[in-house]
């Protein structure tokens, strides 16, 4: 059911991302997303970066609506539907979290919940450049290990986060890998985990409209991301020719290099 | 919610009344009524003469539909809505039940329930003629006292049941009187009980359509019989100029001697 | 607290919650009961020239708490008997609208004259009666006929005339425009939505009449769409009806363009006590949202406070 | 168990439960998914000449489990891209109807020809697109236009053509008659019911497009009334759609005159697994009620088994 919540806090996380917090008693689990409506503008899917009663979404500037959302002042009302979709399984005792850019948003509450439940959590967080690393201060206190990479080498490993992830996977043992970021990145993470047989869980994005598993906008192979996802096992995704290659736009047309 | 029940048993009670039994697990209390739909014909209000899981209505032939209902064979499906309306308060310890003709139908399950709860129940049952006395065999086993009257003197007191009720009210003490029958009869019962101050509860009939307190068909002064009744305290009724004098027909027009 | 007074043209009500026609409106004491419970006013049952028993039972099918299908068939005691019922409510000061229905303009205007004599504050024309020329269509589906009847009634009486619109038409705003052009003082929208119930066990329609009219929460979106579209076209006030059970629902109608609302089916679901709760609930809601009065809400959703930002990036317009 | 095969003219389905247009019909794998789940067949998303992103979000408003308002705005990848989606489902043997929408008879017939080439078993014409001449009305509200489009399509292709009817009109049977006269092979009834949602807190319509279409249980009575009235007038088969969530609901449509049914919104409320449960549930229901097959139920409520007894005493006829 849709409801209206006022933005209570606005936190600039990185030059391109802002967290918006709002009070909403609905029970949510890490991994789930909401549809957030900026009145007078579009309604967008956003993963919850905080899942408690004071919820949060961490928004990256993409186009107009995310730009508008990102700029809204505390006190502004927004429409909320959800939470929708499935959550991360929090039972693994040793988890590797691999976040690419704003993808870390959805991983943070999962990591916190796993840590609170007694699991060991290690992190590989990547971004284009140092100030874009998301949530490293939030996550460091609970990290068994936290490594960072930047494309420009301004902080941590100079290169891709997948390289850091591969190293960690080689040097340590994990019961699960959780990842969110560009699909090519998640594909590489899945490949890096294959030798050890560690299961990889990916949070995936597709164009969304209904979020009810009905309109087919978010169709991904035989799945619907809004109801079957957004968290999938990497084997499910790697079996799909489209994963990392193409997706559907608002019209349902296939777009992307492999379309 | 409406449901379809098959008539399981058909019992001829008197020359003009038949009891139809059907299985319906809905919880009902003595005094309540159902709307019973004879498919292809009208839907009528009928008090429950049996309120357990195997429910019953005891139908008197009035016009076409009651005649049709009365004649239907076991196995025939009927539509049931309800139960609707309020019930008799079963807490009084000494109850006098005054039934006129088929009016005894609604009083019988109330008397049984009160008796089962440890109350003493006395009966004054009237009818035009001996074979029309309803439920005397059913009620005798639980009666502290059971007196009968007939208009033609063919059984019991020769005269009105109100006369028998007056005698009982004078000779015995009661915590409540329950009555159902013609309104002039119920008015007389109420008057007979006035000296002793015994509260009188009357089950009243009015034309019914929705049974939901909406359509106003059953308007009775400021009340709606379907939701505020059908059981009323006699003072509520005696305060109404229309009680025993006029009622509304299907069009809402006032009909009757005092209209 | 926010001012709850509701104005519909020259008429004014202590709150915007009026009893809808056909519910609790057959007896004078019921009209009075709705007022005592807290209603801002009441519309009578639709009254015709002669007493009408209506259709046989079953006349009602219930759907959970979200819908109700009825085919009462316009039962009413007729215009000769009905004034005594009105008198009971009017003497107690109930602001009443007299609802009438007829076969043609002549019958409507005769009824209007008779109804006006009873002392009602205004008239409501129920145009959902079957079209005289048969085919089962409703008078209210034909804009020309609606104009003709409205005009005739306005010629015959001085009272404000509300014209009640059916949703069972391609373009309710067209009907409303016809009524406005013919002199209507307000539009009441909507009457029930055409529907049918089948009992699968019995293999037949449930209602004796076959088709009926759907009411209750299920039709709130339909009523809101009609009020919205009518408000875009007409200048006379609109009275919103259809599926209102809460102060929130009522506010939605006000924001869509209604100046007052009517409540029917919710009386079955919630009891008449609803009229006692709604004004206070609406007052609190208006206070919280910063509306000083009911009048300030009317039609506001057509010009929202937060303007839409420029958004060239939207996928489609 | 009762025979569940459902026949609509020359087409035959393993059971009467078809996926309605616009739900799970954008991607070939989703069409296939509905079939694998157990559907008797599927109607594609309505496809137009060009890719269309549809309206911006919000495109959906939910009401409990009884209703849903949508204004998707006919998003679709366009007739050039769409055949690859159809191919995925068709190669797996899914009985498909291709839904198309256009601005006029010419566009409809061009789309029909292109859609026919994909190997669908038949076409469904979605006439709920806005009328080219503006005013926001739907093509399907104008019987002449419906006739013209149907005729043009029938001239252009050999496949069976189903014409999908809007409930937002005074007389849906009139539209159905126009389609039948123009050669339609079946009538699909109904599309969504015009509605609007207002958010009282935000003081504006919820859907980006403003008005939308109501679907789900709330419109079952509306759909049944349309099917009933159409069945009284036309001889071609009817496919019932609107608010079906259970085998009982489906049987109501069959009894009212439908030869098969379609399911849309229930997929959101119950999941696609619904298609796996419904055929068995319908089979049990038919067995219990003594119907040997789906065909034996079609239109049966128009001639009930237990005839009405003579009843001169009824208050009104």
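Odds and ends about this structure:
Here the chain labels run A, B, C and D in written order, and each chain numbers its own residues starting at 1.
Convention: a contact is a pair of C-beta atoms (placed from the backbone, for glycine too) under 8 Å apart; a residue touches a chain by one contact, two chains touch by 3 or more.
Everything numeric in this text was worked out from a predicted model, so none of it was measured.
Counting hops only between chains that touch, subunit A reaches subunit D in a minimum of 1.
Annotation of subunit B and subunit D: jointly contacted by C, touch as defined at the top.
With centres defined by CA atoms alone, the chain at the far end from subunit D is B. With centres taken as mean Cα positions, subunit B sits 68 Å from subunit A. Between subunit B and subunit C the centroid-to-centroid distance comes to 38 Å (mean Cα coordinates, whole Å). Put simply, the C-alpha centre of subunit C and that of subunit D have 31 angstrom between them.
Inter-chain centre distance (subunit A to subunit C, centres taken as mean C-alpha positions): 50 Å.
Among the residues of subunit D, those in touch with two or more other chains are 52-54, 56, 61, 201-202, 204, 304, 306, 314-316.
For subunit B, residues that reach two or more other chains under the stated contact definition are 39-40, 42, 250-251. For subunit C in complex with subunit D, the residues that touch the partner chain are 52-56, 61, 63-64, 66-67, 69, 73, 135, 137-138, 141, 168-171, 193-198, 200-205, 210-212, 214, 217-219, 221-222, 224-225, 228-229, 248, 251-252, 255-256, 285, 289, 300-301, 304-306, 314-317.
Here subunit B touches subunit C in the complex through residues 1-2, 4, 35, 37, 39-40, 42-44, 77, 79, 81, 208-217, 219, 221-222, 224, 227, 248-254, going by the rule given at the top. The touching residues of subunit C, counted against subunit B in their complex, run 22-27, 29-30, 32-33, 45, 51-54, 56-62, 64, 68, 70, 72, 75-78, 81, 199, 201-202, 204, 206, 208, 264-265, 267-268, 271-272.
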